[in-house]
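Listed below are the structures to be examined.
Here chain A shows up in two complexes: once beside chain B, once beside chain C.
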Partner chain A sequence: MVEAGTSEKGDVKVTIEPANEREIVIKSKLERIYGNAIRNTVEELTSGITAKIVVEDMGALDWVLRARMESALRKFRGEEQ
Partner chain B sequence: MKLRRTRLYVPGNNPHLVENVGIYGADCLILDLEDSVPLPQKFDARILVKYSLQNVDFGRSEKWVRINSLDTPFWEKDLREVLPYADVINLPKVESYEDLERVSGVMEEIEKENGIDERKIVPIIETLRGLVNARKIAEHPRVLGMAWGGEDLTAELGIPKKKALILEHVRAEIVIAAKAAGKMAFDTVYGAIHDLEGLYKYAQHARYMGFDGVGVLHPNQVEVVHRAFMPEEKEIEDARKIVEAAEQAMREGKGVITVNGRMVDKPVVERAKKILAFAEVE
Partner chain C sequence: MVKNAVGREVPSEINGQRFKPFAGVGKTLPEGRRAGSLVRMAPRGRSKVLNSLEEAIRKVGLEDGMTVSFHHHLRNGDYVVNMVMETIRKMGIKNIRVFPTALFPVHKPLVPMLTDGTIRRIEGSMNGPLGEATSYGAMRETAVLRSHSGRVRAVETGEVKIDVAFIAAPTADPYGNLNGVDGPSACGPLAYGMVDAYHADHTVAITDHLVSYPAHPISIYQHMIDYVVPVEKIGDPAGIMSGTLRITTSPSRLKIARYALEIIDRVALRDGFSFQAGAGGISLAVTKFLGDLMKKRGIKASFINGGVTKYVVDMLHEGLVDVVFDGQAFDLDAVRSLKEDMNHIETPLAMYGNPHSSGGIVNMLDVGVLGATEVDVDFNVNVNTHSDGLLLHGIGGHQEVAAGSALTIVTVPLYRYRVPVIRESVTTVTTPGEVIDVVVTERGIAINPKRDDILEAMRGSKVPIYDIQDLQKKAERICGKPQEPDVEDEIIAAIMWRDGTVIDVVRKVKKH
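And then the complex of A and B:
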């Protein structure tokens, strides 16, 4: 399992773990308003990846989500830190 | 003249702080990948900083990134991630001209790959060895200006930083090294973030030492430092007279500039221009 981001205000924590099926879990206090937007971004960035992707949003803007997703995906692909 | 009176540090792995930092009017922002980022967060931080440079409105502030020092495995990765989007690279713990050559070589590669202009470096002198080599370091063509930090240096000497008399000499040496090479000089931060009166005195002291700016750790410090770098009215008035006289001499093709019957040399004209730049920016 890999992790990126933090649980601080304005941030988002992304975890990706190997799984037999693709699964995306979004947790956000603002899920009703931003849930779809977050899900769309995550879907777009992870298409073709079979893994469990959990996104815990703390009010992050889209660029923050994209940055944290890139971190998590690069770690998941085994990039040296 | 580009003013760099304040350079506001912001931790590179904190999106909440990063996205709001443009509103404070600092001349420069330092997105920090070094001391404010814990080791396990280095990877995330450099990616976050890359995205912030491309997405956040930093207002009129110049975008600097403080990368990790050459004695870590991170500096080159930091550069490859952020250089295309940063204005200036702030490089800690520089000890020699060769250190800059090493970094400059990698920067050149990245600049070519990305088809971007040459970026500048502000080295931070933090050790006795760095201080001894400061004059040579300042001459490197990539150097925009010289900064310094006293923590390692006073630790090397085994003395407490707050009581270290030698730091006045260090300050002077940084200014001399930078200015002799035609570069800017940047004083270090004032750590007591709530003591704004002390900060004002500190920044004025920096200005009269010959520094172009100081580091700031809190947005509240920005306005105070800008005020401290504002020349006094008498300085401004004298500077205006000198610059007007220089312009008049130029128009009339005269080689000698006189103000109130006294001859004025070129460095005096340059100083006057700098004073007006500091005065008229706001």
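And then the complex of A and C:
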């Protein structure tokens, strides 16, 4: 399992763990306001990846989410940090 | 349903009572005569002190369907509302209309009473859990929210008749003289409770500090109090007082405060000017910076209307202001000053800003600096609902200060976390844009187009000035377009403008 981000307000924590099926879990206090937007970004960045992806959003802006996703995906692929 | 002056569809009947739609500020004129309370007497020699709340409730004859009222000077430290409502529930009295000035998270025990038949509706501010439960449809009837002085107007005109006022009293004597400046649960003024004491058919004071007759100073007088019930504790000081209020340390919030200060300096700052103070982080910073600037310029304010904090008291003691008007004290410095300083004056909420009276303090204000949850491109302000539609805050004095002040400034960040504050349309209209003059964000300010004079005064300033549409677009570019609240048709609350007209409604939020 790999992890990126924090649980600080305004940030987002992303964890990715290997799984046989692709599964995306999104938890956000702003689910009602930005749930769709968060889901779209996560789908876009992880398309074709078979893993369990958990996104715990603390009100992060989209570019913060994208940066945390990229970091988590690189770790997941075993790339140098 | 009819469309009102801010374009919102509102009902003409709420809980079986007729209300007019908001027609514009100052457009709905008062009618009729003031309402009175039951005439009653206290024969010489009869004791007012009772042994229990249950005895008091029995003596005043509280029955099914009646209205009980409370003030919120004890804020999130209050024990009295829960104590009284729990007694009412245990006594099996049903269908009560609760008419508080405001309720807080500490009043969560009232949530089950919304569904067990004890409470039919709440007319008052609901900060937190009660507002949330109401948003999901827990309340049988429709909630009604009024501003501080809009509530006073409703009582004075008879729009709301209070059967029994339960008044938390940090100090009381056996014959019903009350004050809030002494005792273990001291809160400062009792300003919110005064109208209830004058106009309720029956009044019960609840105290944890019974002193010998006569208590002094006196905020609420003996001839308006029927009974006094001593209890062990009326509140928790940690929740009554805010502790040491600190000025914001956020660079962007400080920038907002400095922009606001420059507007005040260019538009309104002169010897003898007046302003509204509050306890929010930005508001405290503006107060502090304003004090420093006044010292530098060698000028003095005529009065500060508060929301009193240590920062205001310091200005009074330094001679930077002649008089402090006090409707609410936020810290112990404010309480002590109210007790000791002759020119720190407790003001009834009727005097604060009842629009249908012979004139409130807010009419004399030069500057009001207010916060907001949302502001839209028509300068309308929302302080009641979050952007997901949940009703989580009261109106407070927002409407009064905005309508009264010669210069009304709303200080807000462009966005909070990911949620844009400047929007195309506010989720709920609390205060109409016609009384908002300048919106100040960390990215720059927007001036209401009808205030050419402010635009003129800001000529040559380094503060960036934008059209409010541009600020809205900036916010949306950073945050992305927010989804609309997921709501049903059912109306769970009405938001009243201070003159008693309906400015907006809040709808039931779908539970996911």
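The working rule: the second predicted complex is superposed on the first by the 81 of 81 C-alpha atoms of A that agree within 3 Å, B and C clash if a C-alpha of one lies under 4 Å from a C-alpha of the other, contacts with A are read in each partner's own complex, and residues count from 1 in each chain.
Simple rule for what comes next: a residue touches a chain if its C-beta (ideal position, glycine included) is under 8 Å from a C-beta of that chain, and two chains touch if they have at least 3 such contacts.
Everything numeric in this text was worked out from a predicted model, so none of it was measured.
**Q** By the touch definition at the top of the document, which applies to A:Tyr34: first (chain B), second (chain C), both, or neither?
**A** It touches chain C, and chain B stays clear.
**Q** Quick check on the superposed pair: does A:Ala51 touch chain B, chain C, both, or neither? Answer first, second, both or neither.
**A** In the superposition, A:Ala51 touches no partner, neither chain B nor chain C.
**Q** Is A:Lys75 contacted by the first partner chain B, the second partner chain C, both or neither?
**A** first
**Q** Name the contact category of A:Leu61: first (chain B only), second (chain C only), both, or neither.
**A** So A:Leu61 meets both chain B and chain C here.
**Q** Looking only at contacts as defined up top, I'd like to know whether chain B or chain C touches more of chain A.
**A** So, of the two partners, B touches more residues of chain A.
**Q** Determine, under the contact definition given at the top, whether A:Gly10 touches first (chain B), second (chain C), both, or neither.
**A** Touch status of A:Gly10: both partners.
**Q** For chain A, which residues belong to both interfaces, chain B and chain C?
**A** Comparing the two interfaces on chain A, one with chain B and one with chain C, the shared residues are 9-10, 60-61.
**Q** Show me the residue ranges of chain B that touch chain A in the complex, using the header's touch definition.
**A** Its residues touching chain A are 13-16, 19, 41-44, 47-48, 50-52, 54-56.
**Q** Using the touch rule from the top, collect the residues of chain A that touch chain B in their complex.
**A** Per the touch definition, chain A meets chain B at residues 4-6, 8-11, 60-61, 63-64, 66-68, 70-71, 74-75, 81.
**Q** Going by the contact rule at the top, pick out the chain C residues touching chain A in the complex.
**A** 387-389, 416-419, 478-483, 485-486, 512
**Q** How about chain A: which of its residues touch chain C in the complex?
**A** Checking each residue of chain A against chain C gives 9-10, 30-37, 58-62.
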